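Labels A, B, C, D and E are assigned to the chains in the order they are written; within every chain, residues are numbered from 1.
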Amino acid sequence: MDAIQFLIQQQSEIIEIVLLSLLVSGSATIISALIGIPLGAWIGLNNFVGKGLLLRIVYTLMALPPVLAGLVVYLILSRSGPLGELEWLFTPSAMVIAQCLLVTPIITGLSAAAIASKEGIIYDHARSLGATRMQAVWTVISESRTGIIAGIMTGFGRAFAEVGAVMLVGGNIRHYTRVLTTAIILETRQGNFEMGVALGVILLILSFIVSSIVLLNAKDFNLGEV
Amino acid sequence: MNLFEITHLTKVYRDRTVLSIDKLYLERERIYAVLGPNGAGKSTLLRILNLLVEPDSGDIKFVDGQLLKQGHKSYDMARRMCMVFQRPLMFSTSVYNNVAYGLRLRKLPHREIERRVSEAIDFVGMQDFINYPATKLSGGEMQRVALARALVLRPEVLLLDEPTANLDPHSVQVIEEIVRKHHQQFGTSVIMVTHNLFQAKRMADEVILLVGGEVVEKSNAEDFFNNPSNERSKAFLDGTMVY
Amino acid sequence: AEKVESTMTLATTTSTQDSGLLDYLIPIFEKEYKTTVKVIAVGSGQAMEMGKKGDADVLLVHSRAAEDAFMAGKFGSVRKDVMYNQFLIVGPKSDPAKIKGMTDVKAAFKKIATAKKKFVSRGDNSGTHTKELSIWTALKVTPAGRWYVESGQGMGDTLMMANEMNAYTLTDEATYLSWQKKTGLKEMVRGDKLLLNPYGVIAVNPAKYPKIHNKAAMAFVEFMTGSKGQALIGEFGKEKYGKALFTPSAK
Amino acid sequence: MDAIQFLIQQQSEIIEIVLLSLLVSGSATIISALIGIPLGAWIGLNNFVGKGLLLRIVYTLMALPPVLAGLVVYLILSRSGPLGELEWLFTPSAMVIAQCLLVTPIITGLSAAAIASKEGIIYDHARSLGATRMQAVWTVISESRTGIIAGIMTGFGRAFAEVGAVMLVGGNIRHYTRVLTTAIILETRQGNFEMGVALGVILLILSFIVSSIVLLNAKDFNLGEV
Amino acid sequence: MNLFEITHLTKVYRDRTVLSIDKLYLERERIYAVLGPNGAGKSTLLRILNLLVEPDSGDIKFVDGQLLKQGHKSYDMARRMCMVFQRPLMFSTSVYNNVAYGLRLRKLPHREIERRVSEAIDFVGMQDFINYPATKLSGGEMQRVALARALVLRPEVLLLDEPTANLDPHSVQVIEEIVRKHHQQFGTSVIMVTHNLFQAKRMADEVILLVGGEVVEKSNAEDFFNNPSNERSKAFLDGTMVY
């Protein structure tokens, strides 16, 4: 009950945190999808020397620990690092970059698997009806969308739930880089478990809304019919 | 100018040479029937002509240019043909969208698309199914939609892989009529694979018999059915051929 | 107040943030100097590493030996004492090693070790951990065995763990007080002068990284060690806990 | 260089940490797969009232923050919690449980998507050849294995890389519950960034080995042919 | 005892009644040909008989028991039949494993499986492809494997959905021969959907004509082809039926 009262008092700050969370993880997911889906399609559709290695690397990077991703971005964006000039450390941009490192391999790997498991003949049908290479790839992606959407949701879930990377490169600065997960950590560290759980529930509700919107497009689930 | 000039074409799958055509010239504006036992390489030939499969060797001239030369492919030329697959795949959307697919790729005006798609769907007798999810259709219905999807593009060349295998007798007649009409009206060249000898007899100007990846006979349809010049052709027609 | 940069990055240990001290002080500082402070609360070691890399403008930490090394390496331009609080030994109410009320921390440690009663160590090279190790060293005891648990975590988590395990641990008073309700651990030993926990404020050396917001950093050092800041520190916590959590100590 | 020297000195402790990491995340992945694959198959194959809601919940739980999962398990296993009697808190078992909470939704959701996007007719073929319901489901799973394997790898990656849950319920106790990710955090907090990165690289190498083994079974990728 | 006693069977897809059979009794140990235009409901009927699709209403008795009664299904009975689909799907493994599939499910001894699988593969003329990846086969080759996969189980009832649509003329003969042999040797009942009227003539004891989901005629094959009792049957046979 305390937690709920507190949430109401802190409404405006929580809204700020929620919006930043959605912005950071949403941007990271969109950027990663723009990289990962075409890359995954390419891997899924083609056979080439080194494909096995590339896939293994992608799947390996799915297990990239957020802290490590954060650390790498930190060292690059640090004033003493190669891109220190940009002064991006402890900004939302840095958080987006770090999350992209985590999400891109997930979307790439799952898109590749989704496309590889669909009938290989989709591409041929598209080509034979006059599609350019790009258009045919687009058709394949669209026909594999259930798997790809699942990949996007997994990637978003990963970004939205992780804390190691955003904590390190964002710094959990109040009113500026504090997101839901870093706020949860802060509350837990102070022993306010109820608050931690309450914020966690908010996070899950948001994720529920996002997944409801996204799943509308996953046709293979036949959600229309019962 | 010939339609296709195929030379030294070979295709190997898993150490088996499934296609090996030294020289095959096809003329324009004709209907060819490709006959041959299962696994003869008929579908593979069509796929290669449509640049969907890369042969291991061989060049192909197409009308006024080089479709395939030393591995270099001209997709622009391939776009002048259209293939109907033996096991056609429906895109998981409505019948209308399936048939509109190729026209949309070509960015035709909305009106034009609507007109041509409706016409093609009427042609193949699927007007009642225009908004039906295409993946739920019956086998024969899918084959009709696949045909409409190709015809609507009015390609120079139609590559048909057993296009009426799952159709009922009446529909076979109707579809044959449509193909013949397209052929006459637009001068479309047609290469159709079929196991239906009657169909070949009804439709084809020329017959190509493929056995074991090789062209055993290529001749005028009348000659082929009446006086097969070749022992294997004779055996194939008699249904006594053992492969 | 004089004009300073519009933002400043403060790297500090989690205890200052988690105790609420910074939420109380920073707004006052920000208002006075018309600047925005970005507080990054991390481990002491990490905070100092951030200083070394030029990613923080000012540090508020408690790890004296490391702070001196930092200054010796010319990473900082100024270091000043700010305040101290106490370390305590806390433990379960049952007090299995019978140390409650002792004032000699070494003797208490010795008793725990001889009785092999559970003791949770931070094990993370933090200020608290360094302090604990120095006591074992002074005792010439190398703690090891099933009774000696190295948590490798922050103070709050370590307190929770000690509570779950019915174990003793060494903690700073601020964290202990704010977690008291959660844990039920009892204060066992306090008052030994070995148990002082001094905090220092360090302005990062602008010579290494010209982009450091040094004016704001210096202003923060001034503020914290000045009469106003010191008075505020002396007041903090009285309302909530009935006593101040930190004792101002600027010279 | 320092980091490498240190790693060599600390060899035996690092081996211990590596083995525990593999054990905990491996067990969690296996348990989650045993729950998630059949559940996913069931969702993917059937149409029923509430399917949309169930899917949304599964996808929502993909975004379960590790700290929250950890917190929940903590509160349950705590001495003051309902299962305090078990004294499982701060043991590897607790870590496995917490990771199962994170991994099960991922494997469930991705298995469901993989199965739903395969031709629905696999199940019918199996049934018509005399498969029992279970056998037919198994056939569908086996035919959808590329997508399911991708799901398992994603789940494993999630478990192997996460730190929030194992930190809370395991306690990062040296020689007992310390795993690679908690060790990385420990080093990072001490400012030993190189050590953090070095441990992260070890983690990635292990993940590479695991993905290499697992990917051998993903036939749709056609890794045999080039 | 009859093979099937179908009563009041209806199936609705998307508000269209695609099957509506008031009463249809089929006898044991006979070969039935199911004819009818595309979309008539032929495949749907077979699927319902194999319990793969749930009808909206109707009961079915099967030999000595109740296959389907008020929605309650007996899968044990369904296991006594075997279906070859119109678009057979190959499991993504070798031809051998595809054919062995059903026997493995039944946990037959290894040796027995090996013997029967080899035999079935020989029957359909696919011995050279025994270790070939089944998904890479040509259309006709897939159909043969699908047939072998069913025959190897020696079911009491074979449900064949256009099983020779993609086969060459000689293979059609061979396959028909195999089905006939099975029918004679094991007393297998056969229900085959086909668009090939000649095939129906050659194979069937009885013919069922389905149009628009309804049984228009069910009669002895000879009668059906020589004296169709029904206007619609006549039109179907003449190929003039317009649907």
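We take it that a contact is a pair of C-beta atoms (placed from the backbone, for glycine too) under 8 Å apart; a residue touches a chain by one contact, two chains touch by 3 or more.
These numbers were taken from a predicted model, which means no experiment stands behind them.
Looking at chain A and chain B, no chain is in contact with each of them.
Across every pairing of chains, the maximum count of C-beta contacts belongs to A-D.
Chain A and chain D have Cα centroids separated by 17 Å.
For the pair chain D and chain E, the distance between mean C-alpha positions equals 45 Å. Averaged C-alpha coordinates put the centre of chain C at 37 Å from the centre of chain D. Chain A and chain E have Cα centroids lying 49 Å from one another.
Residue positions 87 of chain B are each in touch with at least two other chains. Contacts with at least two other chains are made by residues 119, 168, 188, 193, 220 of chain D.
Annotation for chain C: residues touching 2 or more other chains are 154, 157. Applying the touch definition to all chain combinations yields A-B, A-C, A-D, B-E, C-D, D-E. Contacts from chain B toward chain E in the complex involve residues 13-14, 36-40, 43, 86-87, 125, 132, 136-141, 144, 161-162, 165-173, 195, 197, 236, 239-243.
If you check the complex, the residues on chain A that touch chain D are 44, 47-49, 51-52, 55-57, 59-68, 71-72, 74-75, 106, 109-110, 112-114, 116-119, 144, 146-147, 149-151, 153-154, 156-158, 160-164, 168, 180-181, 184-185, 188, 193, 196-197, 200, 203-204, 207-208, 211-212, 214-215, 218, 220-223, 225-226.
The touching residues of chain B, when paired with chain A in their complex, are 47, 50-52, 75, 78-79, 81-83, 85, 87-89, 91-92, 101-102, 105-106, 149-150, 153, 159.
Taken in their complex, chain C has these residues touching chain A: 9, 14, 17-18, 38-41, 52-55, 154, 156-157, 160, 178-179, 181-182, 209, 211. In the complex of the two chains, the chain C residues touching chain D come out as 42-43, 45-50, 123-126, 149-154, 157, 161, 164-165.
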